[in-house]
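Going in written order, the chains are labelled A, B, C and D, and every chain counts its residues from 1.
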């Protein structure tokens, strides 16, 4: 496992990491959460990603139990605040929800502080000043080491940096965007100035495009797949164009390249993401220990992606 | 129930709310406080207003007991600091009283923090810098989420915003003015620039003009009414012109309109207040559960106040 | 008793107050400390002055015991930091001593915070920036409500205000200078700009010029007097010109005026100090309950000092 | 023992002090740590230097036990953060490691705060803004009284001061450089502007150039010496030119001067360091109580180094 700087910050983060999204509390119980985290940790993963919204807080509770077996300083633990419940003040980036959400997440995680805390989405209903002051409060009170955002636009982030400077607040350190072979605009173009100007780090999610890049939908949608179980997810993917025939065609071509390199197409996809130096860590998900092991091999396998192979891949996915 | 933003802030507040003023600890004991709050909460009220001065702190103690039955994040609880006792430093907006008052209110409320904290009146004896720094201290120490003022003038508020900026302090979010059909100047004219420039929110009090707008004084002052019991209150209302024959005449005309719309004049009065988009919430009081229910219906009933009816009403009260 | 604002601040302080200097722990044991404080409190005194240096901390311990009988909000309690022991870092205004001194004083006083905390002297060995940042830390951490200085010069105070502004720190609120009929330069001339520009408040000490203004040394130095017991004190007073024949002559003339007004010369002296509107409070000392009572009468008696009597007095003491 | 100001700060530090480096936990067990510290303290030493890296934290644990016998205010205790373990975030000057390192050091030392905390080396991987904000956090949260650096360059320190000013953070107070007769460039030239401009204080280490200036390597490397035991150390010294024949020649000449002055060459070397007024304290190490005693005599002996002897010495070591 290699470690990268989280943007310009001094934090060293494993280039592959483990997220609790979808799996913890849904597909994984306490024992399997522990096993997957142990597998990841033993492979060098030091970042475990979470959010108050995942499984309505159960992901945090499960991770909190599992974390007891580790030294705190070996871990980078995150949470994200935005969807904390159904009440009018249980969501969004108001000072009230940011603070209450953080306090409650820390209780579920059984931690004094998280390392990374994210504003899980932009909130047009809350002035950026209020959000920046609240995040600054959270960091300056020792509840988190660094704060960042998730799925914010260039303009929203640029504004946040400017307001932080103006109010003498600690600025964001990282953003968590979706990034995979089929969703590249933000990471590869929109954010370019942010890396340069502010040293923004990236913790990316959905590396396998909801599983499409595993090749498992190459022929049809298997009965036991997530897509099958959650029809909303499938419709979403179809509507936003991710699960298209064109994309399935691309995956088939990538599968061939992967095979030639003696790896799975999912590993190829992860390895390809790691070639982007602006990515600090690629958050992977897994519902089985074997999947964790398989995914994390991408750290080594990325060395097989030389310039000519990268060209080949990029020709396919453009 | 509809929820509104508290000014430009990210907080969502029910457009009708329940205040403890006069009733808690005077007309309502623990059981009835609980019942009124439950009725309000079940109707969608999330804001419960209080002050250290109300019933000499007993209002807070009673509300504190009742609050134990709720999830903290579902509630917006306030207090106001200014009159905390008879000693020379038990009142006003000095750093000493603001901090001691807040600490003592939180003890009575049995809370770690309130959501809203108000400077209950302006204090010409204390420099605005001292007050702004103390309120900033209260917010930055997690004792309150937002701070505001009550019955401050445009000039005083404008000064507070400027001083907050100058001292890098958190500015006020809301003001609590008196606002009803007979007292309109501040909310409708004096404060206009404050909404625009600073996004000031309003939590308004005395929506029924001390009961005059319920129509119960249309004929005479009933023996069991508050006005009868508290002669000081009556004299006050007469002196400041609120309880005048001219106003009683207006109430009679409004009562007729209300009847035509199949509502009470008190409901018409509350609904009329809700038509003002600069009002974040109208604080209502009640000494009986039925009254709570009746008042909160105004949220729905406001839809009956179309443009022509509003014109009719405004012609009467101008 | 009248209450005055502490300079421009919002704090209301009794114009006469009780200090522990010399008496607490030396002439007064626990019971007598309690009695003197009770007498003062019952006469309307709300300010009790102290310092870590007084009786090597015993003054604070005794006052701490006595304070348990009062409501915290009724009291203004002070301490002063500068001389906390014999070690190289037990004295002065370094960050280390200011913080350690404050923590230790609060333990002796058994309080969470004092209302007023003073830098007991200027410290040429410590940069003013370090001192201002440490005092700001003390106030912003809730260990004191207001900070000030004692026996600082105009230049030192002016510098402190400027540095506080520059570093965005809370500025001093009050100064504690010596002030009596024979020591007037600082309060009446040197500090004039400070009242105007910064609203500096004054808590003055040595109102009776080490007892000279009681008239008890008019004939000779009594065997049971403090001056007799502490020969260092006597030499001091002689060296600095305070205990001079010229001054004794003046006291004799003042005694005559006092007699005509049916008061003691000590009361006349205290009353005269109260005529200065820049004085927020005159700190008195006492070794007997009767003395407390006698001194505090000066608050009423000051009304006897009309313009012509003030002229007469000023003609004598100039 | 004489006390000096730590740079321009108000802290008074003994000009000779005791460090735990190499000895505590390696050559000294609990009892001998206690004895050496007692000897030093009784000779007037008030500064005890430490670091999280020394003996992997054991130095701090041992010093923590020994410190229980002293009054906290009599002591200046330091630690240094940089090397806290082997994990990717156990080292360097990231916010995460600085805070976690400090919390863990304080636990081992069994203290609420240290007086001095150092960034043990510069960290090119962490932006200076992140480090300055984290050190400011540590001081403003009462975990340390003053912060500084160790082995930073002029440029790095100058940048830290500028960034501290820009972010309204507390600037560094002291630097801990290597300084002895053979390593003089930084202290005597590179840092000159820092003393003047910022009042930087120095706590210097390696006063005897790893023992070379004791004269014990004048003939050969004794079997029981540190250099013999730790071959890595010896190679280091040879590679960086410290343990050269030229230097041994100089030590021999210095030994002669020392003998004439009736002192050891180690004492001469320490005394010579004390003649530099920019040095706040010289940190000495010792593996035996007698050595502590011997070293600390340098404080008196420095008076024997008059101008002509200083000239003689400087002629030898230039």
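We adopt the following convention: contacts are C-beta pairs under 8 Å (C-beta built on N, C-alpha and C of every residue); 3 or more make two chains touch, one makes a residue touch a chain.
In this text the structure is predicted, and so the values were computed from the model without any measurement.
The minimum number of touch steps separating chain A from chain C is 2. The chains in contact with chain A as well as with chain B do not exist; no chain meets both. Homomeric contact chain C/chain D: same residue numbering on both sides for under half of the interface positions. We define each chain's centre as the mean of its Cα atoms; on that basis chain B and chain D are separated by 62 Å.
We define each chain's centre as the mean of its Cα atoms; on that basis chain A and chain D are separated by 44 Å.
Shown for chain C are the residues in touch with two or more other chains, namely 168. In terms of inter-chain touching, the protein chains here make up one closed cycle, each touching precisely two others. Residue ranges on chain A touching chain B, taken from their complex, read 84-85, 87-90, 92-97, 99-100, 104, 123, 125-127, 130-131, 133, 137, 141, 167-168.
Touching chain C in their complex are the following residues of chain D: 3, 5, 8-12, 14, 46, 71-74, 76, 115, 140, 142, 145-146, 168, 170, 199.
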